[in-house]
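The following blocks contain the structures, represented as structure tokens.
You will see subunit A twice below: alongside subunit B first, and alongside subunit C after that.
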Partner chain A sequence: MRRNLVTLMALLGAFLLFAILVHSETGDFGFVSGPNLELILRQTAIVGTAALGMTLIIAAGGIDLSAGAVIALSTVVLAAALSAGLSPLAAAILGVLAGAAAGALNGILVTVLGVVPFIVTLGTMLALRGVAKGLAHEQKIDAPMTWVNSALAALKPEDRWMLFPPGVWLTVVLAVLVGVTLNYTRFGRHLLAVGSNEAAARLAGVQVGRVKRRVYLLGGALVGVAGVFQFARLSVGDPTVATGLELDIIAAVVIGGASLAGGEGWVLGSLLGALIMTVIRAGGSQLGWSNWVQEIVTGAIIVTAVAIDRIRHRRHG
Partner chain B sequence: MRGIGKRFGATEALAAVDLSVASGEIHALLGQNGAGKSTLMKILSGALVPDAGSIELDGQPYRPRNPLEGRRAGVAMIYQELSLVPHLSVAENVFLGVEPTRRGLLDRVLMRQRTREVLAELGSPDVDPDARVDALPIAGRQIVEIARALAAGCRVLVLDEPTSSLPRPDADRLFATMRRLAGQGQAIVYITHFLEEALAAGDRYSVLRDGRLVESGATAGVPPERIVTAMVGRAGSEAYPRSPRQAGEALLAIDNLAGLTRPNDASLTVHRGEVVGIFGLVGSGRTELIRAIFGLDPVLRGDVRVMGLGEAAPTARWRSGAGMVSEDRKGEGLAVGLSVADNLMLTAFGPWVTAAGQRAASGPVIGELGIRLADPLQPVGQLSGGNQQKVAFGRLLHHDVDLLLLDEPTRGIDVASKAAIYRTIDRLVTRADRPCGVLIVGSYLPELLGICDRIAVMRRGTLAPPVGAAETSEHALLLAASGGGN
Partner chain C sequence: MPKPLSILSLALAAALAACGGGARKDAGKLRIAVIPKGTTHEFWRAVHAGAIKAGEELGVTIEWKGPLQENDREEQIKVIENFVTRGVSGIALAPLDHAALVQPVANATRANIPVVIFDSDLKSDDYVSFVATDNFKGGALAGEALAQALGGKGNLILLRYAVGSASTTNREEGFLAAVAKYPGLKVVSSNQYAGVTTETGFQASENLLAAHKTATGLSVDGIFCANESSTFGMLRALVDGGYAGKVHFIGFDASPKFVAAIKAGQMDGMVLQNPVNMGYLAVKTLVQHLRGQPVDKRIDTGATLVTKANLGDPAVAGLVSPALAP
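And now, the complex of A and B:
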């Protein structure tokens, strides 16, 4: 919990910094306004939801490099289903299932072949991107506008009572569920045990392979939800979207305090990590920073966050 | 256990071994590394399946196919490399794999309460069920391992080298715990290299040699010499070789040295032609002292000179003729995936590395230490623990250093491997050309008294002036280290 507090402080620090910078630039407090906050949350939902799944995978000692490709696949499946005349709900479910199927594939390859997750998901990253392109015939799939698109759209005046768009709320609900799973269920303990000391977990009777397959399945399903959000933002099925996004997702988890060696992962921290990155981007673009400046700053933040964590660990033994 | 046999390929690891342990008994299992102790216990706990023989537990036939079945039947093995999950809490580790749940969620209240009960039964109520395991000292982790076995209802406990990494007071507490468990009707088998310990703590003992049971009986009144004879097959008179020594110029001089946390104040000189020992309890700062000397830990205050060279990084230390063996063989000592030759030559590769060159260069070291292997290019991880340690030590020979810094160089290895290392140390400090100086950290007093010329005691970060090994005793050193004297 102390770890989450540190991430929260970092988020507040970044937020304050940009609030002041934007104020000195424009003379108003636009950065702390309701619409801007809503914008930041909407932009965080995609990486944030995927980061929930990635938190589980990393805490269990794994990694998933295919997340970006799976998001693209999910948007393509969803758009194709909508164009084929399926109901929005059925199409969205298919999008999530596409992610779950990809996760199941990763889990099976990792456990059955015994190949390290980095290599397995490097392979599926390329292969699933290919599947997405094949399904979409290497084009964007235009889909009719439905209520799915409103998941992350700015709220209409009559919906103001919701405070945030439904997609943001869904992210929060999923975060609570994942947090409970990680901290208060047997599966969560087994997951951390596998990530912390796989041999010991096996000796204690934990079914290591099954735990890993479930972790990748769950992680994939959450990435599938992120794909639905991605579709909602663009309202097209785009097989080339979210290229490289897996690295943003991993960065969010790492800023949130997870150890890439496994055994540690913080759900709230990962969400805060995703928020930190959005705040930097939103703040940077409102200050008129070029894209390349934003990228340098984001990169520096990632390394700094992890370095601070290392120093803290060293001090506490 | 009756007529147990097990082969690994062409080698016969166990042949017709019988062993019986009664409830309420502490049974010490002795033997050199490779004698078959661990194999026998792995069969008992289910990690290995025997080729011949049968086992009965409480009169019932018992044939576990894996450790989980063994545990369910009531046999738990507590391994030397502790098998806990470092990131989880004590209670979570105790219940790992058998977590109680209520309405789908973990029943943390029950876990905590049961853990507290078991810890109290073990006489360690001071261990916090919510503490993370990686925050506990090794002794605490062992208690957690035992608590886990008890919580699972085990009646036969096998402890593999439980005291090798424990300082004396913790070891004594562990014996008290074992005694207590035996009083409650548990059967305990423990594997050890320490003879005195086995005789003091065990009710009965068995000695294995080359896969065969050579002796067993009650421990009362048995002289250690007899067990050594049974273990090595001959009388072990030359345990600590010591040739006449002549101290020469100073190789290492430290003056009021202090590190970040430990040591706080250490002054010492090591000369050519002498072996200086440092004795101290775990946590006293003895490892940190050696690390600071070798440039692995920062120096806060004071002065350190190795052959005239002040504070320096490990690379510079090796270059100026000092070498170090870490106490953590797997973590810091060896690259276990690399070959024996690679490990021996790691600090001093020539510009070209060829298979023939590696075999030639590693030959003398392998010969001197009697490292048992199939080929110098074999991965070092395939060797037995004792032979791995010889490789870690052999690196200093290959590098031909003048000053040897040894941190627990013989921990957890068999008598023959120890003897090879002692012999080599003695040869190095008494050789005519450039005799070496040795600084050795140890926690086994007979060993330090046997091989050292002078011994200094480290206590809570402060190093006392060294005394001649001939003028002190186990009793005096232990008293100085554990805080009884001044």
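And now, the complex of A and C:
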């Protein structure tokens, strides 16, 4: 909990700073207005949801570099299903299942081949991006507009009672479920045991292979949900979308306090980490910063966050 | 725990100082956001120059921001969203996808921020005006010129740009419609795509030329490409393969390399839009609308075929090397 507090303070600090900077630029407090908060949450939902899955994977001592490619694959599957005449719900479920299938593949390759996850998912990152491009015939797939597209759209005046778009609420619900799974279930304890010391977990009777496969399956399904969100925003299936997004997702988890060595992961922290990055981008963009300035600042913050974490770890032994 | 906070603030403040932010904007002036498809092609710098010119003439502030790559739909959506939330007076947008940008434009309109679409069409009518080259006419211009050069007989290749880009698709259709009028002309390939970068355009061109290679040269007499990056990729492939000058080739959009190629006889011509005029008219139309004047729903910014013969004309010279924004 102490770790989440640090991330929360960092988020509030970044938010406050941009609120002041935008105020000095425009003379109003637009950055703390309702519409801007909604915007930041909407822009965070994709990385945030995928970061929930990545938190589980990293806590179990793994990594998933294929997340960006899987998001693209999910948008393509969803768009293809919609344009083939499937109902929006069925198409969205197929999009999530595409992510789950990719996760299952990662899990099987990691456990059966015994190759380190970094290499396995580096391979599936390329291969699944290829699958997405092949399915889409190297183009984007147009799909009819349905209610799926309103998942992360700005709320219409008559929908104001929802406060935030349904996609944001879904992210919150998923975060609670993942948090409970990680911290209060047997599967969660096994997952953390595998992540902190695989050999010890095996000696203690944990079925390491099965735990890992489940972790990647679950992580993949959550990335699939992120893919559905991405489709909702684009309204087309785009096989080139989310290139490099896996690094944003991993950065969110790391800023949130997880250790890449495994055995530790903070669900709330990962969401806050994703929010910090959105605040920097939206704030920078609204201040009229060039893209390259935003990238330098984001990079600096990732390194700073992890450096602080290391100091904290040393101090607490 | 003030430590992470102070480090964060320091990093941000340093970056802010580096880019000279913090200056107060002129109050009361209209602020127009101009969003290109991408920021790397020279075409957009000419659009930017036109937008700046209109901004100075009309006394409005121009804010120029776009994605780096012309296929980054998510980034362009974010740019619009941030402008809408921050509250600009109006937005001029060159949508890089005719479907994906529909929703963000509708949101802007709902937030009472009028949108002028320029360069490429949008599958919606939620905008004030569409300011662009009549691309179908521009493509037809190229088709007509190739037909003349070939005497109405020969094999043609059309290297397409990318699906979902309405402007280039219209050029391609205009080209095909024009050459269809000549029974002696045969389009032997029109289903290959150059993709969004010069590199992918180069590779696609090499593959396409390899497929039409004969013992003595090429089995193709005329080639058309519908934008700058595909034209440049094809030009490089023709020069590398030693085919340049042996096949009639017309491209689209301006670049100093194309001018040199036309002078050297490697290209027959290029169809030029008027990007400076496009940026200028996009901003002007938007400002007219904001000031309560009626505007046309469709505004043509013109297209011209440039060949070795008219390269010297002063009017053409202004199109060939338009003023670029710094």
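Here, the second predicted complex is superposed on the first by the 317 of 317 C-alpha atoms of A that agree within 3 Å, B and C clash if a C-alpha of one lies under 4 Å from a C-alpha of the other, contacts with A are read in each partner's own complex, and residues count from 1 in each chain.
As a working rule, a residue touches a chain if its C-beta (ideal position, glycine included) is under 8 Å from a C-beta of that chain, and two chains touch if they have at least 3 such contacts.
Remember, predicted model here, so these are calculated numbers, not experimental data.
Quick one: on subunit A, after the overlay, do subunit B and subunit C clash, or do they fit? Just give me the call.
On the shared subunit A, the partners fit.
Tell me the contact category for A:T304 with respect to subunit B and subunit C: first, second, both or neither.
In the superposition, A:T304 contacts subunit C only.
When the two structures are overlaid on chain A, which partner does A:V180 contact: first (subunit B), second (subunit C), both, or neither?
After superposition on chain A, A:V180 lies in contact with subunit B alone.
Just checking: does A:G27 make contact with subunit B only, subunit C only, both, or neither of them? Give me first, second, both or neither.
second
For A:G244, using the defined touch cut-off, is the partner it touches subunit B, subunit C, both, or neither? Pick first, second, both or neither.
So A:G244 meets neither subunit B nor subunit C here.
In the overlay, answer first, second, both or neither for which of subunit B and subunit C A:G85 touches.
neither
Looking at A:V236 after the superposition, I want to know if it touches subunit B, subunit C, both of them or none. Which is it: first, second, both, neither?
In the superposition, A:V236 contacts subunit C only.
Is A:P35 touching the first partner subunit B, the second partner subunit C, both, or neither of them?
second
Report the partner of subunit A that touches more of its residues: subunit B or subunit C.
If we count touched residues of subunit A for both partners, the winner is C.
Once the two structures sit on chain A together, report how near the CA atoms of subunit B get to those of subunit C, whole Å.
Superposition on chain A places subunit B and subunit C at a least C-alpha distance of 21 Å.
Between subunit B and subunit C, which residues of subunit A are contacted by each of them?
Touching subunit B in the first complex and subunit C in the second, no residue of subunit A appears in both lists.
Touching subunit C in the complex: which residues of subunit A?
Residues 5-6, 9-10, 13-14, 17-18, 21-22, 24-27, 30, 33, 35-36, 39, 42-43, 138-140, 142, 145, 149, 153-154, 156-157, 230, 233-236, 238, 240-242, 280-282, 285-291, 293, 296-297, 300-301, 304-305, 308 of subunit A touch subunit C in their complex.
Give every residue of subunit B touching subunit A within the complex, in rising order.
Listed in rising order, the residues are 67-68, 71, 83-88, 92, 96-99, 101, 104-106, 108, 135, 148.
Mind listing the subunit C positions that touch subunit A in their complex?
1, 3-5, 7-9, 11-13, 15-16, 18-19, 21-25, 27, 63, 65, 68, 71, 73-74, 77-79, 81-82, 85-87, 97, 99-100, 102-103, 107, 110-111, 162-164, 193
Which part of subunit A faces subunit B closely enough to touch in the complex?
180, 184-186, 188-190, 192-193, 195-197, 199-201, 203-206, 263-264, 317
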